[in-house]
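In the two complexes below, chain A is the common chain; its partner is chain B in one and chain C in the other.
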Partner chain A sequence: MADLKPEELIARTDFTPPRTGWMDTPTVIREGMFCYAAKPKSVATLGLPYPREWNPLDDDWKLPENWKEIIIEGMKDRLERFRTFKIFMDICVRCGACADKCHFFIGTGDPKNMPVVRAELLRSVYRNEFTKAGKILGKIAGARELTLDVLKEWWYYFFQCSECRRCSVFCPYGIDTAEITMMGRELLNLLGLNIDWIATPVANCYMTGNHMGIQPQAFVDMLDFFADEIEDTTGVRVHPTYNKKGADILFTTPSGDVFGDPGTYTAMGYMILFHYLKVKYGLDVTWSTFNSEGGNFGLFTSNEVMKRLNIKMYAEAKRLGVKWILGGECGHMWRAITQYMDTMNGPADFLEEPVNPITGTKFENAKSTKMVHIVEFTADLIKHNKLELDPSRNDNLKVTFHDSCNPARGMGMLDEPRYVIKKVCKHFYEMPRNCIREQTFCCGSGSGLNASEDMELRLSGGLPRANAVKYVQEKHGVNMLACICAIDRAVLPPLMGYWVPEVDVTGIHELVTNALIIPGEKEKTVNLRGEDILNKDEVGPEEYYTRPDFSGR
Partner chain B sequence: MNEKYLYSLIAVIALFLVAYAGVEAAGLQWLFGIIIPYLAIITFIVGFVVRVKDWACSPVPFAIPTTCGQQESLPWIKPSKIDNPFSTGGVIIRMALEILLFRSLFRNTTCKINEGPRISYVWEKWLWLFSLAFHYSFLVVVVRHLRFFLEHVPVCFQILDKIDGFLQIGLPGVMLSGVVLLAAAIFLLLRRILISQVRYFSLAADFFPLFLIIGIAVSGIMMRYFTKVDIVGVKELTMGIVTFRPHIPDGIGAIFYVHVFFVSVLLAYFPFSKLMHLGGVFLSPTRNLRCNTRAHRHINPWNPKVKVHTYAEYEDDFREKMIGAGLPVEKEL
Partner chain C sequence: MRLNNLLERNKDDIVKQWLFSVIDTYPADTSKFMKMQKDPFANPVGNSISVNLGPLFDELLNEMDYESITSYLYPILRVRAVQPILSTSQSTGFIFLLKKVIRESLKKELSDKDILKELLHFESKIDELTLIAFDVYLKCREKVFEIKANEERNRTFRAFERAGLLTEIPADRPSL
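The block that comes next holds the complex of A and B.
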């Protein structure tokens, strides 16, 4: 992939659909566009059906003999259990409003990536098996037989959808392709047809508490290492607590931020913030090694698997006897928390309705799940002047904000992150309106597609986002893309590197703690990344540090 | 010529010939004027009710509304009460705007990749505009036709007629709704035929109702303005149908039976087709649920029991390492 230049990639994208109809255009599974098959060990860990070695490029997928029966039964079962599935199969009029809303369609030009066609892949089989018109009229009614090629096509395209829900914003009936993809993936999982980038994190999370498979002692080591780093740049030693019974708040966040840059700086940000709140206000926040994952790749497998992973959050909060749970910056984690958690594993009546003990603010909107988003929490602290901030420490940054799909369209957290950014950075610029807020574009790697083998898919799908960043880079000199999602922090750097070099990626709490004046900190010259924190163009270091308003003093 | 719309066009032409020949050659007025309409109405009502009931009775395991605006959170952040409705009132307004004004479709954009590459998104109002025109003119046409089924025409219908015919062109005066309906249906059809992307995913089932509705509009317009059917006879027939004393008056032209046959086919086809979006739009769980899932627990009627990996099992797996790292444990070694 890396050998294909951006101009070459874009030149290949052709929006003219093939002359043959989509049912008559065979799908070719192409390298760079798919993720490797699930390893049998990971599938077996969860006790999911048909663990085996198989390869998407092989003709033989080693399916069970009665695979067709399993799928049709699975469809029937889901049609009875989900109104969404039934309605979304029945009422689409194929108006096409969704067609060019999909980042994968825009980036690849592949007409089967139009949300309407993605859904038709499944609908055609639904009509054939479950509707009279389909049974009688067949192809004229848009019905087709479920064949091995159809199954392979499902697999290819349901793992080319990041469940971002952008199309559902535009659909006049609210048809949600994420829901259709989720159904499609549940069906594929009945045959053991998951991808490894989902199956292995799921197995890891199930056994060790997080997607990365970080064992408890290693988790502590990693955070200790961050504490060293923090001490180097700020002169302050932070002391995170783990699995602490009787703490006020349990904190849970994606393990991705503990694992790789630049998410690690966001993790350091959390640690600094908790230290600050402990020292200033006596707030006791604990991390958990058992519940060391906020994300939930079960969401990309099946609702049952999602439930099996999610249940740890409440279980651990109950065991530790905390008041409520604080959740870190993560995208699909918040979809799971907002729209599934309470239904699946609630009611969490052993927790208290969340109140910020420092400001007294009641988080009324979270009174049932008892989970507060850290950006809501921080916004509340800033609003009540509980954080001492020096935004000039972020003067070297010109920031724009990428709304992550799930907090935007599965939650509606749009203004809180903007409020926080504007309070800690002086230079903030919005991307164009059609690319942010509820119309935001996916990073191109969501829903478990953030592997390395599908890099071409990721870079193509990320084009609309990257292009909007490029626009503000050219117009305002933006050099930092802020986001509130761990997958974003892992995948946007290579995306930016490819399409918009010289734009870096950050979590919001890295920006917050860059600006935060920590009691006892040394004179700060560099940020958490070890970069100079002053804007060299505007003022020299001498002048900067002798300024009367220099707050690092 | 694309087979998908060819099939649909042929089907509608065949329907026309069946009705025309049936009446003109075979004299089957009673079949096309009474029996088929009755069957069609029954099919429509029963089919529609069964379908909607089936949807309505299906469980909604999870509340998954698409949030299209700012959530209700901190008191000083202004929530989007309609696009991210926390309350039932907000949901009602959201649904009303969706159903009456096609709010989501109003957001439609088209995307273009320009040199650079530079991607642009332009507000695409035509689909929204013509869809709205199509549905509302259809509604007005349907309401206007109620005069055929009522002994006395209520005042509101007379006013509607006046508004509809305000242009006062021609004799009988041109009714705007019929013209708009035909124009909008043709727009929607041409869009499907001419835009290659839309043509790509359109099915015969998308062309058929459009051709049929165009057939209904054309036959209706023919009757009103050109061939002039015996309107008194028509009213006698329609009143016979609604009062369950059906009979066939003499002298109604075949074009009328063609019109009625098209409508009958549309009604009978309705519950088995995508036209059921009329009922489904009310039940779409991404639009008709409150976005308050963190404040109020949504119940899944079939919430499954699942196997979990407990903390105790986890500690058993890692106890030694946890103690080594100074982590508290429930059970010592």
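The block that comes next holds the complex of A and C.
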């Protein structure tokens, strides 16, 4: 090293990376780009195969001897069971339309994060094992053998896909790479190769009803505490009911809103809304301490696991004898409901077809699943003038809206959230068109990739989203990013903290109840966060952002 | 100051070559995309490089103001600091690529001894810029670590603490 001449040193800085095609470029597992391996206890709790301690950075992943056989058998079984999987394996023409549409490719700069390549990782093995051309022509036909390196590559890159479906919007054949990732992960799960950030929440959810494994009494404690906070800021005491038999509606939301900031303010928002509807219209909404999770990380594990967790919501609705289920601001819960519930556990015949008892609106789209999204529900209430609102209470906020992938692309909910925000806030600004609605960029942490140890992946994958937020922040002074997903509320604050620290994160129902005039309320001087209801411009941005209680810190 | 005039005159071309060689620090498929895609929202990485190299070059030609330089370096390095596909030296070493670009584009002129002398001086400015880039890169990495460390605490811990669901360990009790 010491003998290097200056030119040689400079030559060394000409780091031209390998110009090999993806198949010939070896995969290196890098720190910051993966989540820790699933703990054996969680895998065992779920009765999934091969629970063991293993480390992705070790050479030896302690695989069962016949691992290859298990994978090929697993592929065969899935190709027979899932028509989409078979079609997606066959019809890609490698046109490349999807290639540059993935936020992970854009942000990480790694070509194996191009959706088409991600799919090829699996498809190459499919060709080798299940097609004639692949068997005969091998590499020329894009086929390759399943080796240990290939398996590791699968693991690395199927856990660098957030199953967001952005790529599918651009594919002329409608190939959904997210579903290929799902299949990839299912196969990996056959060998016990899950990540802990998924396996442990799933095991917790299975045993105690929510991702964090919080017992029913702590759930009640938390909501009671929210009731105290609400009383402090509004002067009104709300009385949530738990597990109430014969209530009109069962409410289910991700536990992230109950246990993590800033989702907690959204949870308070739900509580205030339900109180309002009870006092004004006699609507009876109940929470369940057993079904204390709307999120379904089973979706990121396998079909069977998703099904097991999903049924809990319906079992509880049946037990309590409610008419239908209202779901909170969650992301992938809605993907599971909208796309898979019907064929998984449906139809939920024992519930009523959802009708808003206050407005008479029939939620046709929820006819079969019997589950209504709270933003749709609130939009309907506002549309029929059933909520008394004072949007000026949100005057300190300049809001933009992040379409969470699952409500946007998974269920097509694009306009309702905007409608609600515009009715409760006066200052709303859209991000550029190719970053919102059906083309929305993922937060970078979806599908169970929101662990702290893969922060580099999350921050780089979240760059396209943050970049668009930065644009509206600089152009319009946007200081609040609204979203309708609990994972977003958990992961966007660190993302903003890195790229756009001036912007804070909120759920829509926090904004709604800031504006809601509650019967019997005292004069509001602070919002739910305890911040003065003050125009930011009156205080001056410097002071506003440097205040110790500014939660974007 | 003849070199400065030359650099000034060839600025567009030099910055473009520099930009391409920085983009070429990424794998071929990625750099192809970054060069082609002009929409800043579809290509934020390429965009952050392309809008900031020009002003950085101007700084080299002029006073080298630390504040301005860091303001141009941050957008580039904030990205590179979270891209493990690049090593640390690749992340910051992109500035050195300018040396190569200048030497190649002024090959003929550099046979003039005086200009060559001026180039040596100019290259030490490039070295200085690289050192500033180290500062900035490290700050970005520190931010990543800070975010990693605080995430759990900020999220769950704070909510639990507010709710009084955590009991404080009394100060006189030895920690375990």
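Rule of thumb we're sticking to: the second predicted complex is superposed on the first by the 518 of 553 C-alpha atoms of A that agree within 3 Å, B and C clash if a C-alpha of one lies under 4 Å from a C-alpha of the other, contacts with A are read in each partner's own complex, and residues count from 1 in each chain.
One rule holds in what follows: a contact is a pair of C-beta atoms (placed from the backbone, for glycine too) under 8 Å apart; a residue touches a chain by one contact, two chains touch by 3 or more.
This one's a predicted model, so the numbers in the text were calculated from it and none came from an experiment.
Once chain A from each complex is brought into register, does chain C clash with chain B or fit beside it?
Overlaying the two complexes on chain A (C-alpha atoms) leaves chain C and chain B clashing.
Going by the contact rule set out at the top, does A:C95 touch chain B (first), chain C (second), both, or neither?
first
Which partner does A:F259 reach: the first (chain B), the second (chain C), both, or neither?
So A:F259 only meets chain C here.
With the two complexes superposed on chain A, say which partner A:V322 touches: chain B (first), chain C (second), both, or neither.
neither
Which of the two partners, first being chain B and second being chain C, lies in contact with A:P464: first, second, both, or neither?
In the superposition, A:P464 contacts both chain B and chain C.
Quick check on the superposed pair: does A:M33 touch chain B, chain C, both, or neither? Answer first, second, both or neither.
Only chain C is touched by A:M33; chain B is not.
Scan A:V285 for contacts with chain B and chain C and give back first, second, both or neither.
Neither partner.
Which of the two, chain B or chain C, is in touch with more residues of chain A?
B
For A:I436, select first, second, both or neither according to whether it touches chain B, chain C, the two together, or no partner.
neither
Touch check for A:P494: first (chain B), second (chain C), both, or neither?
In the superposition, A:P494 contacts chain C only.
By the touch definition at the top of the document, which applies to A:Y340: first (chain B), second (chain C), both, or neither?
Only chain B is touched by A:Y340; chain C is not.
Can you give me the overlap between the chain B contact set and the chain C contact set on chain A?
Shared contact residues on chain A (touching chain B in one complex, chain C in the other): 10, 13, 15-17, 22, 99-100, 106, 111, 114, 221, 432, 434-435, 463-464, 467-468, 471.
Applying the document's contact rule, which stretches of chain B touch chain A when the two form their complex?
4, 7, 51, 54-55, 58-80, 83-84, 86, 98, 102, 104-105, 107-111, 113, 117-119, 121, 127, 131, 195-206, 272-274, 276-277, 280-281, 283-287, 291-300, 302-304, 306-311, 314-315, 317-318, 321-322, 324-328
Can you check the complex and tell me which residues of chain A touch chain C?
Interface residues on chain A, with respect to chain C: 10, 13-19, 22, 25, 30-33, 99-100, 105-111, 114, 212, 218, 221-222, 225, 229, 259-261, 264, 432, 434-435, 452-453, 455-456, 459-460, 463-464, 467-468, 471, 490, 493-494, 497-499.
Spell out the residues on chain C that touch chain A in their complex, using ranges where they run on.
21, 24-30, 33, 37, 39-45, 78-79, 82-87, 89-90, 93, 96-97, 99-100, 143-144, 147-152, 154-156, 158-160, 162-165
What residues on chain A touch chain B, complex-wise?
My answer: residues 6, 10, 13, 15-17, 21-22, 47, 79-84, 86-87, 90-97, 99-101, 106, 111, 114, 116-117, 120, 131-133, 140-142, 165, 168-176, 179, 206-209, 215-217, 220-221, 242-245, 289-290, 303-304, 307-308, 311-312, 315-316, 319, 337-340, 342-344, 346-347, 361, 363-369, 371, 376, 379-380, 383, 408-416, 419, 432, 434-435, 437-439, 463-464, 467-468, 471.
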